[in-house]
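Right after this note come the structures.
Below, chain A partners chain B and then partners chain C, in two separate complexes.
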Partner chain A sequence: MEKQQYERPLIKRLESKIPNKFGAKPNLIPITHIDEVAVKDLISEHGSPLFVISEKKIRSNIRKARKAFETRYPKVQFAWSYKTNYLDAVCRTFHQEGSWAEVVSDFEYDKALHNGVNGSKIIYNGPDKTPESIKKAIQNNSLIHIDHLDEYYTIQETADALGIKAKVAVRINMDTGVYPMWDRFGFNYENGQAWTVLNKIMRSDVMTLVGLHTHIGTFMLSAIAYGVAASKLADLAIGIRTKYDHQIEYIDMGGGFASVNRLKGSYLPGVDTNPTIDDFAEAITTALINADFKPDELPLLILETGRALIDDAASLLGTVISNKRLSDGRRSTILDIGVNLLFTSFWYEHPITPAQPFTQYTEDTVVYGPLCMNIDVLREHITLPLLNKDDHVVIQYVGAYNMTQWMQFITLRPRIVMIDEKRNVNIIREREHLDRILEFEKVPDHLKKFDL
Partner chain B sequence: MKAKTKNILIDALTGIIRSYAQVFFSKSYFFAGILLLVSFFDIYAGIAGVLSVIISNAFAVLLGFDKNKVKEGAYGFNSLMVGLGIGIYYQPGFEFYLVVFFISILTLFFTIGLEGVLGKYGLPYLSVPFLFGIWMVIIASKGYSALAISERGIYNLNDMYAIGGLTMVRLYEWFNNLNMPESLRIYFKSLSAIFFQYHMFAGILIAIGLLYYSRLAFLFSIIGFYAAFYFYNLIGADISELTYSYIGFNYILTSIAIGGFFIVPSRQSLLWVIILTPLVAITLSSTAYLFSFFGLSVFSLPFNIIVILFVYVLKFRLRNIDKPALVMVQQYSPEQHAYSYNNYSKRFGKLPVIAMKLPFWGDWKVTQAHDGEHTHKEDWQHAWDFEIADEDGKVYDGSGNNLNDYYCFNKPVNAPADGVVELIEDGIEDNAIGDMNLEKNWGNSVVIKHADELYSQISHLKKDSIKIKFGQEVKEGEIIGSCGNSGRSPVPHIHFQFQSNPSIGSKTIDYPISSYVVKKDKSFSLKTTANPKIDQSISNLATNDLLKKAYHFVPGETVKFEVEESGNKQTQSWKVESDIYNNTYFECEITGSIAWFKQLDNTFYFTHYQGKKNTLLFYFFLSSFKVIHAFYPNMIIKDSYPLSIYPNKSKLFLQDFCIPFFKFLKAEYEMVYESFNNNETKQITLKSAARFGNKKNNSGLDFNILIGEKGVSEFSITSESKAIKAVRIF
Partner chain C sequence: MDIKKDVAVSDSGFVFYPTTGESFSVNPLGMEIIRLMKDDKSFDKITEYVVDHYNVESSTIEKDLLDFIEMLNHFSLMEDDGEG
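Right after this comes the complex of A and B.
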């Protein structure tokens, strides 16, 4: 018989109010394994904290997403959004599944090239494209999405000097009926800016207009907005066809699809309220098919979905450092995971689940990170069973943005492993060492020595 | 000016020489040369023959008839025969040539008149104009006192001496005294009788020419003759009918015409030659008896009657039985007919007139195919059920208790081909999972009419999802509704079938899907004109614009390449042309070689090639024999070339003889969709190979085709002995 686990004693106030619909006992089940690999083993081998990515989940996510679009529309292409997670292993998994690359900086562009993506399958977005990277993109036949007029002029000059025709698309922003309206990127549809730049491109000798792009927001909770956006882009595309007899090759609907995460302040978990990939697919494809495109002139539909494809494919494993009772009587638990590793905890309520069995007793808990900073709070309120020091926890849905926005603040960044389809655990990023940090630092001579 | 005169002269000579070969359904200059020589064995007859052709052709051109037909000899050969015939019968002289002049014009008129009358029924006029011409002269000349009957025919040796002196006479004698069975002797003499000669020398010469022109024509000439010979023996008929004036050539000509010229050479055509022989015999005996009252010879009348009648009979068959098959495009060569027909029927024979696509987008799974285990039985055996499955083969996500859990539920369903909406049934509730509506078992359905007796039916659509109206025209790929769960449908799926009646649930017909891709693991295989099988994951071909553009050639454009072979550079260009029958072809501007191509349902095909076999055009024909406008990595396309392009002439010579019975040579084409170059979207490499011979012992050529944004941009040819590189000049 397994040894009974010690559980600290708990005195809980008896709630005598009528049970409300949010007050039901959380049906917590411990997450002891990820892709059939024991959490315990993962931590003992790779240390804590530890990011764990499931290759199987990534593949199933992208396949499901492709299926959702490809069974509704004849020409679909996904492009992996590098900013969401640019780990080589992750990117290459997506590239193996047929995704192109979507990058927003010189650095990301080079990373895509390094991963072996051909220039012509790199979509170059974003407001900060350096002249050098624009030159590179033109030479590599990449798809450059123009964000502002200054960029247009740079492309014009660079392409002219190179004598190569640049392949460009225009990023369009528009009112889709949602708040906030993202009008800081691209050209506005309603006030005519879009046509200003389109006219310029169509008259340019050194640019070919290949597509139209929009990205209406992030973590969108309404699929209808995408339908509106798709209709407006289709309208522009048909306008260009009529005015210039020019057929654009693709419409890029960007990303922004909500993942299963739960936004702070929402009543119900994301799984229940957020639109699914099928809802987004239905809205976008219906709008495009109902637009006035000739059946054989339907443009290629590009999607730059990031978060919705990776968020639930990664978990963050951690260990309890200590438990503490706060002055107001609330329980608090300190984990070895800080906000420097879990950036998204600022806007999501990540599920935190113990990695070992527990009893039915739970307590409202504040979960803190290990940082010596007041803002290091992972969850303000969470109903957790009674955890002990050295117990393990699994924080779910951490695949998007954390592994690109993390920092070595107070602690260094941990290892990342990926469990492949054959359940092998592969290290895809090593834990950081002091040496690597010192490599970048330089100490002026007069500061090298000191006596204390 | 000088060049123009030269051209006219060349055209005129072509028209004259080809008239000779036309008598034997040939276009061979070599054969024509032999026949010309044979005709001059009687010098005066020879002169009369040439004169007749010249007069006839000149009048045809002056009257404004198709110059190409004149060049082919189509208007000259009947006059030629008349000229030869009367040249033999009458003594030359001014009056004689006057008759030749006018009878040639009359024969031309007969030719044109008969072409009009018989042409309406798609029938050949053969040598009927000759018969009219020569009979009229013979009857009319009975009153022309100035025409004297020739006696030269009796003194053959005199003529020979006049042509070639003593050597010629010896040669003639030697041939005449050759030791051979009597039947063979009669065969050669009968052959020579076609040109109004009655001796071995001419017969053997003609036989050599015939063999050179066509192995099959030669074979059929022997088969036809011996069929008659044995028939006469069997029936106990008077064998002298064959020997007397060697009227047996009727059997020879009938056999060539039916065996391989108007009918594709095959076992069936051979059988018909044997069946028709007694018919020719009966016609011959009866007409000869009848004509003897007028003092006329029947000449080739039996051959004309039987061949024209038989072609007519075959043309008006109601049921479309493919054998014996009539020759559709006349190539003036029985071998070519066999090779083209075999190849064409293999490649395009089963290709349905209307190309049907799968009625959905993306990958779907066949959950019940033809002769399915659940409901696709008896009258409804030719139907499919489609659902969407994930990589684990599951058709739903979640619990599977709700309609929305099913991947296919509410997914768009498209029209499989253009058509008119014939029937719509809507308003039937979608069943809960597991439930079935047996009362309205087809559920919400759409029937589209694509052609007479060709309807497609799609059933179990979602309630109120049908987007089309009764009587509306729909285009292929247009959304007609969404997949649902209505009718006899326990889980969401669509039922798809073809039928010959418009009502819902009619008896199904076996009609294939024109092209689709089967995905297995990570590889794709292309299926054309096939029926999807159970559990296959299938999708429509995704057209690749680059390939589509590269293999889209518009009549009028010129395709130019710089060709580099062993250090030599040369520019070759082809013109894309189309003819009055809407056939499209490339014509090499240097050699005049022609490669026919066509475009069907997202596929580019070359159909046949004529001309020099060392041109870039020939290599392009070999390298791009069949190209699908869709790119799937490592997809393989296989096809077979018509054997007429086989490079080893001596092997082909043997194959020519056997082609009606069996094929032992192979000429295979294979193309591999190599890959997008380094993932480049705007560049594709295709690799193809032409293999000749059998598996163990084959030779061949390998091709590498590079496709860029502007089209086929580079292409290279490698074999054991050569390496050629061609770069497109845009």
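Right after this comes the complex of A and C.
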């Protein structure tokens, strides 16, 4: 007699709660493959947990974004936001698609150079630019976006000493009707700070003002705010043209476009509610085209979009360690993926989907990670099919920030693979080993021996 | 390990407890186990039955059966066995 497929016994109380008014049901399709490569094969070869990046998806995302802007505006340039995901393979995919590099530290600047990006195609942002990196950026003809006046003076002194004119832009913060306002970066538009620094730059002999930059927030759910910001930058650009007869080369609208992820507390999934790249493109380009630029003087439009281009191109595969019952009867499932790997689970409700077929029976579940820490919760509430120990799951939309903000904490960080367009699975970052961690540690002589 | 006598289970996995008016749904194996319990089968016998009929290790069904009984207790569907 052939034995039946096992599914653990389940009993659920039927409750007559108010039904979901949208009738949304949990995702009932297992994710067995990523880019036609079987999840079980990926885990069996590369271990669990495992980050899997789709090169095909990255390329389709950036092409779609470029199309959204380039069909609306004549001069567009994307710059890959290194901090979002600075794995070399990811950066180089974006560079192959024509994106410049946008970096915010000495480390990221060097990484962009290491990736072969010409210095003149590196945008150097952020409040912490060391004097050494400023010197390097000036020598490499990079685009230095000034964040504060102390930085202005360092650039002034360094460029003066080098005898090279620094190419600079100014980061502007402003009220776009979205709160909290990101006024900690750059110079304020409304209170005149922006004009103070612009006047200084225009009178400097060792700086050339090439652009204006803003970055109004993160995971922005309003495209209109970008229209407001673009209008304000255009106003400054036209003011500079009028006052100094100087035409800036570009307006950099920064990043912050929402991805398809779902923020905690959102009633509907991000794919249904978040503005699309076309919405952002429409708001920005309409504002620029409607501004008072002469038609042949439209500035280059730079976008530093990160999250919206990479989030849905990566998944995190994991395995069920155990199922437990909490004291109040709720089901809990422990995965081998902790918040140290999935930092974004603090603010997103990442979709978690089994990687093997399942029945229609589901349970409300709390999903925990493996860390011996109470904060290690991936999902407070999720309706999941009946998972067994050693079953695999796929956590989607993890491409942004997780592979840069992850922590070596309690466990070692796993391998990262990228599936290329020919369905080859390439290891792009090796898993960590104890030796690699110990390499950084030193034990004083008097602590080398002990008896227990 | 007795399930309350008046707990009724239908062929479609619908469980009704008339004392409180509460209703529940069970999956096919849950339904089979409730029926075995109503036939006064012991924990070991039920485990043996599931291992014989399903593709599962005894350690897995033991753990899952304990969890299932815990939920029956949680929903007050088990007779008080006087222990504890």
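Throughout what follows, the second predicted complex is superposed on the first by the 440 of 452 C-alpha atoms of A that agree within 3 Å, B and C clash if a C-alpha of one lies under 4 Å from a C-alpha of the other, contacts with A are read in each partner's own complex, and residues count from 1 in each chain.
As a convention for this text, a residue touches a chain if its C-beta (ideal position, glycine included) is under 8 Å from a C-beta of that chain, and two chains touch if they have at least 3 such contacts.
Not measured: the values here are computed from a predicted model.
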item: Combined model on chain A: chain C and chain B, fit or clash; value: fit
item: Partner chain in contact with A:Asn191 - chain B first, chain C second, else both or neither; value: neither
item: Which of chain B and chain C A:Lys3 touches, first, second, both or neither; value: second
item: Vertex chain A angle, Cα centres of chain C and chain B, expressed to the nearest 10 degrees; value: 140
item: Touched partner set for A:Gly329, first chain B, second chain C, both or neither; value: second
item: Which of chain B and chain C A:Thr359 touches, first, second, both or neither; value: second
item: Touching partner for A:Lys389 - first (chain B), second (chain C), both, neither; value: second
item: Minimum C-alpha separation between chain B and chain C after superposing on chain A, in Å; value: 36
item: On chain A, positions contacted by chain B and by chain C; value: none
item: Chain A contact footprint on chain C (complex, rising order); value: 15, 22-30, 33, 50, 52-56, 60-61, 64-65, 67-68, 70-72, 74-75
item: Touching residues on chain A, where the partner in the complex is chain B; value: 59-60, 63-64, 67, 70-75, 116-118, 120-121, 141, 282, 285, 289, 295
item: Contact set on chain B toward chain A in their complex; value: 360-364, 388, 390-391, 397, 407-408, 410-412, 475, 477-479, 540, 542, 676, 678-682
item: Chain C-touching residues of chain A, taken from the complex the two chains share; value: 1, 3-14, 323, 325, 329, 359, 361, 386, 388-389
